[in-house]
């Protein structure tokens, strides 16, 4: 995945399988998709959970975002769901450094567990599998897109979220990697962290940034939601010739792409995560299949969206989803 | 001069025909007692949730984590209670927990300490940072709210700097032997002969029990506890009665820091790793438990049992709503409303008991 | 007049004013005078409007010895209500803003009524209403960011008189001035402060403390309503994160500004100045590309330093007071 | 003409019948005394009249028509002014605003500051009080604050003025000034109700009297002229009250326990010389604000001593704080400010008394054995006759007299040898006052060195062996007490007003 501009990120794909495994009996599986808390990114999971339920004929499928970005609360939610009979869990762990413990607990009780949209920090994944955007790769792509939009030179600013989250550290690394590849033509002016908590903080940070350094900035890459919204808006109203590359494909950001305020965005694949994840968890939960290598990590793909492909990137994403299914089929050993 | 007052003076001071002044508030009926009210509420709500969702009594999946939570937040509450006892506040409880766990994490990661040695280091660090807050307050006379708020910001800045400097993932992932076990072990794993404890009770609760016992003992039995409460009731009167109020302020904050560290440790053990964000969610629960339980914000009165019950009440409500499958759209609405209704009944009980008291005459 | 000058020189306001000036001059020098550019000044002031208002909203309840933990929830709830009404229900701008303002005011009124009627500690009451309103805010807006409201609102939010003085900042100043007049020069204002200063004495003088508490909470709600309007007008959109970071600043401003937690103090000017100081720290963060961690560190140090300094000054003047002032505790219910 | 009538008023509190069919009649152009022991119900009656409490029975009649006041605001508008027993000023406000708080003058909807200034100045002038209406009340002395409250009561254009112990914390001089005002109001045809525990004052200014005992009126509107002091006291106490006869006591010749020479303090004292021997009661007299309490606090290390020397048992010492004073020098201080500094109102009686002795009682780890504590507390409750239902009772629920006993008990429990007693009987009824006098006398007889600060001249003359007079933070001189009121009071007052014996 080292060429930006609309090709599917299939670097992790082994792509040798023939087709998806069909689920025989999903009626014993109660699937729970549990994000870390409320966030627009996860909204597609809600509808996909319902789709999983009907398509795979599951006993139940639920979406529960009451964890409120607190690992303790999320653990509670998971336990409560387990107590209510849910036996297959697709989880976005609030704290990447803690979530393996949670996975271990659930695994110990015999549940099928998938790490969705984020992998645990470190080298081990205690869940059955991890299906997630490779955050470093996505940030790398985004930075590449920004550099391209900037014309390959100038100052770049990186706006992101919670500094002490290991995913943030990976994003920072991804952006730095892309900048390093320009051999000094592009410089990282600053990395602004901890502005994803709320929209106003992000907006204020962007405005201050533009006021103090606006002239030196050629591009802004954001790898968190609120800063993306704020940057798109701030740059548009300041009328500075700054290229903004955002993250995710929330309606607000897509509108920005269409109007030209946002140069590009990196879309991820939440639907694919929830759909393929649900399918996998149903297979594992019904004991039809097991993972050949437990804990395997697969990139769910990230897609550069520009004005050019804003109407078509979803097709590409759907293709990736189908591909993911095949890819996993090769990882399974089924009865 | 063992009895400086002579018979004549004593006789003069007696007022044989004066009626004994009635203790007001001391004669409330049992059902108006706030703690008993809370206990009844907790039990009633548990029963209600149990009836609606029998899974509520699932030992492994519900009771065990619930008790672990209650234990941890009780310790958080006790950390706040220590400063509330002198009429102060500690807005940095969470950050003090994060700070001491950072030290504990360093001790595991860099110095390869054992589980309990690291805990001890953390407790000392917590006590030290608390004492620092207390010292600033005592020396300058600046309001504790301001000092701990500022300290909170200071630590909020300091902690990530240290974490990013020392670790890759902004967390200490080294786990000393025993930490993993402590997370899941219950009293079921503690056996004397053939008799084992309940598998529904996590071993972590023992920390809370010890903390409650120590804090309870200090406040009910020792000179220190009494002096803290007197300082909380009236600093002026305490100073003029020979209580070293400045030192007591420092002690109270040090105790608070130490308990915050313990809570941070319990959180680290129960979620898995020692990270910078430990304690972020501590502040509101730290007040909620003690205050629901009857501890006064103004100082001078505390209740250790009340803190446990207050914490239990909120945890039980949350757990019950979780089990009822209440989504985020409604969860907070119900949580807030139940809290308000529960507390209003408390108020109604007090009013009723006052009325009854009057009618009896 | 001379006496007044002497008294003013000793106040916290004076200390804060000096700090403000020093800070500002320092920043101007550090930015090579860039900070004096119209745009920089505009940005500086633009993001002062809301902090000033939330500080005042807290100050007014502190003045009766109460506190309001629901500041962020009230503001956020009102802001998203206005946004959703305008963007999704086509309610005319004026009506929508009015409704939002009234919702916030009513929320404040309900806080006051609950405190008075149930006699539950104000801390707990506002904690409970905060929880409820957070739920309502989520219910109203979910995880979307709503921004599809009329341009007139946005141009109000971004307009600046002479390109320097943002309208919304002027609105905040007007509110501050009105509040100052109300607290200093109107009978209900004086009664409110009397209740806060000495509730027993106030009651013996025929002042209803209950009424004062209700008025204070309602005023707090109304000010938050204005803050919500300004938020809607000035931010790129409204979502559930609005109001999320209001709580601590709301306390920090009045307390740094010299308000007593026990009640009785009206420190409008102090609150405004304190908001300025906090804002300067933000500006410094952008100017020096500081990591947020350092900023927090500095804010902590500045707050502690300024208050300790102020305290030492007044201590020196009051050498004769024998005992240390007892640490003020937040008074709970007022009888 | 009867201006105001409270007819068979009842008031119940949870657990207490505070008023039981009390009738009170106030005539225009007369000053009426309301007397009774602590807790008799005087303040409660006033609060019922002003609409602060709702009566549980009876009726109020003003000017011949029945009235019901829902709040103090209504009674104030009806022309009833009141000075409550509690301190009653709003800290952040100016003198003027405090005076006019009940009805702030407004113009065009805003509070009119210049009107406040002029109107407040008028009331201040009426009381001959030289204060700036713009001054914050936090800068006032206790006495000044009290006078401001009186100005506040007058300011509602009151036809009926209720004064609840207005003279408890002011000097005779200031009291005289107040009495002149009262006389003027009386001539204007207003009705004044005067509550005081100082019977001398009552006899000086009152015309008629009502006596309360345990919430019931035992004498309703009797003319005061027909009664003697003893008769009044007997009515209040409910049995024959014997005049205080203190047993003989001699001061043993011994070296002073406490000695001050040339002491100066940060609060402005200069050249203070003073000594107290064991078994001696040294009175420290002066006008309010003379710096007596401040001197006591400086001795306890609460203020800096800048010059001179303090010797305890002959040793020069530097006392750092009250703890130091108590532990190392056995000095105790019974404060004048009972409610704020003397007792912990929201704590039990038992803790209040034991607070000074935990050091002595504690075992390992600071453990305080409950039994030893209870026994110790019981001993002092018994000795001082503190009326409580149980040692766990909150001190705030006790009457003033009993609170004062608690405040004293902790120093006796601590076995102090030097005791500084500041205004021990402010707001305390005659009988309890006599008991306190006996007690203090007795403590001295047992060898304690007592420094007695009081503004109550009769009390001073009853108790002190020597009277040291202070003015403006300096010692004016000393008078040996011959226990004769007339000669002593003259000598003391003369000393106070003597020009610059030591003053610079």
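Points worth noting:
Going in written order, the chains are labelled A, B, C and D, and every chain counts its residues from 1.
Keep this in mind: contacts are C-beta pairs under 8 Å (C-beta built on N, C-alpha and C of every residue); 3 or more make two chains touch, one makes a residue touch a chain.
Note that the coordinates shown come from a computational prediction; the quantities given were computed from them, not determined experimentally.
When chain centres are set by their Cα atoms, the one at the greatest distance from chain C is D. Inter-chain spacing, taken between the CA centroids of chain B and chain C, is 30 Å. Remark: chain B and chain D have CA centroids separated by 41 Å (rounded to whole angstrom).
One finds 74 Å separating the Cα centroids of chain A and chain D. Chain A and chain C have CA centres that are 37 Å apart. Among the residues of chain A, those touching two or more other chains are numbered 38, 163. Among the residues of chain B, those in touch with two or more other chains are 159-160, 234, 236, 239-240, 328, 331.
Of all residues in chain C, those that touch two or more other chains are 138, 142, 291-293, 323. Inter-chain contacts occur between A-B, A-C, B-C, B-D, C-D.
Of all residues in chain C, those touching chain D in their complex are 3, 181, 184-187, 190, 193-194, 197-198, 200-208, 264-266, 319-320, 322-323. Contact residues on chain D toward chain B in their complex (touch as defined above): 12-17, 39, 214, 238-239, 247, 300, 302, 321-323, 325-327, 333, 335, 337, 340-347, 351, 354-356, 358-359, 361-362, 365-368, 370, 382-385, 387-390, 392-394, 397-399, 402, 405, 410, 412, 414-415, 417, 431-432, 434-435, 438-439, 441-443, 445-448. Those residues of chain B that touch chain A in the complex are listed here as 53, 55-56, 58, 60-62, 65-66, 69, 72, 159-160, 163-164, 168-171, 173, 180, 183-184, 267, 270-273, 275-277, 280-281, 318-319, 322-323, 325-328, 331. Across the complex, chain D meets chain C through its residues 50, 52, 71-76, 82, 84, 86-93, 97, 101-102, 104, 106, 109-111, 113, 134, 152, 266-268, 294, 297, 302-303.
Of all residues in chain A, only 38-40, 42-43, 163, 189-190, 192-195, 197-201, 203-205, 207-213, 226, 229-230, 232-234, 237, 250-252 touch chain C in the complex they form.
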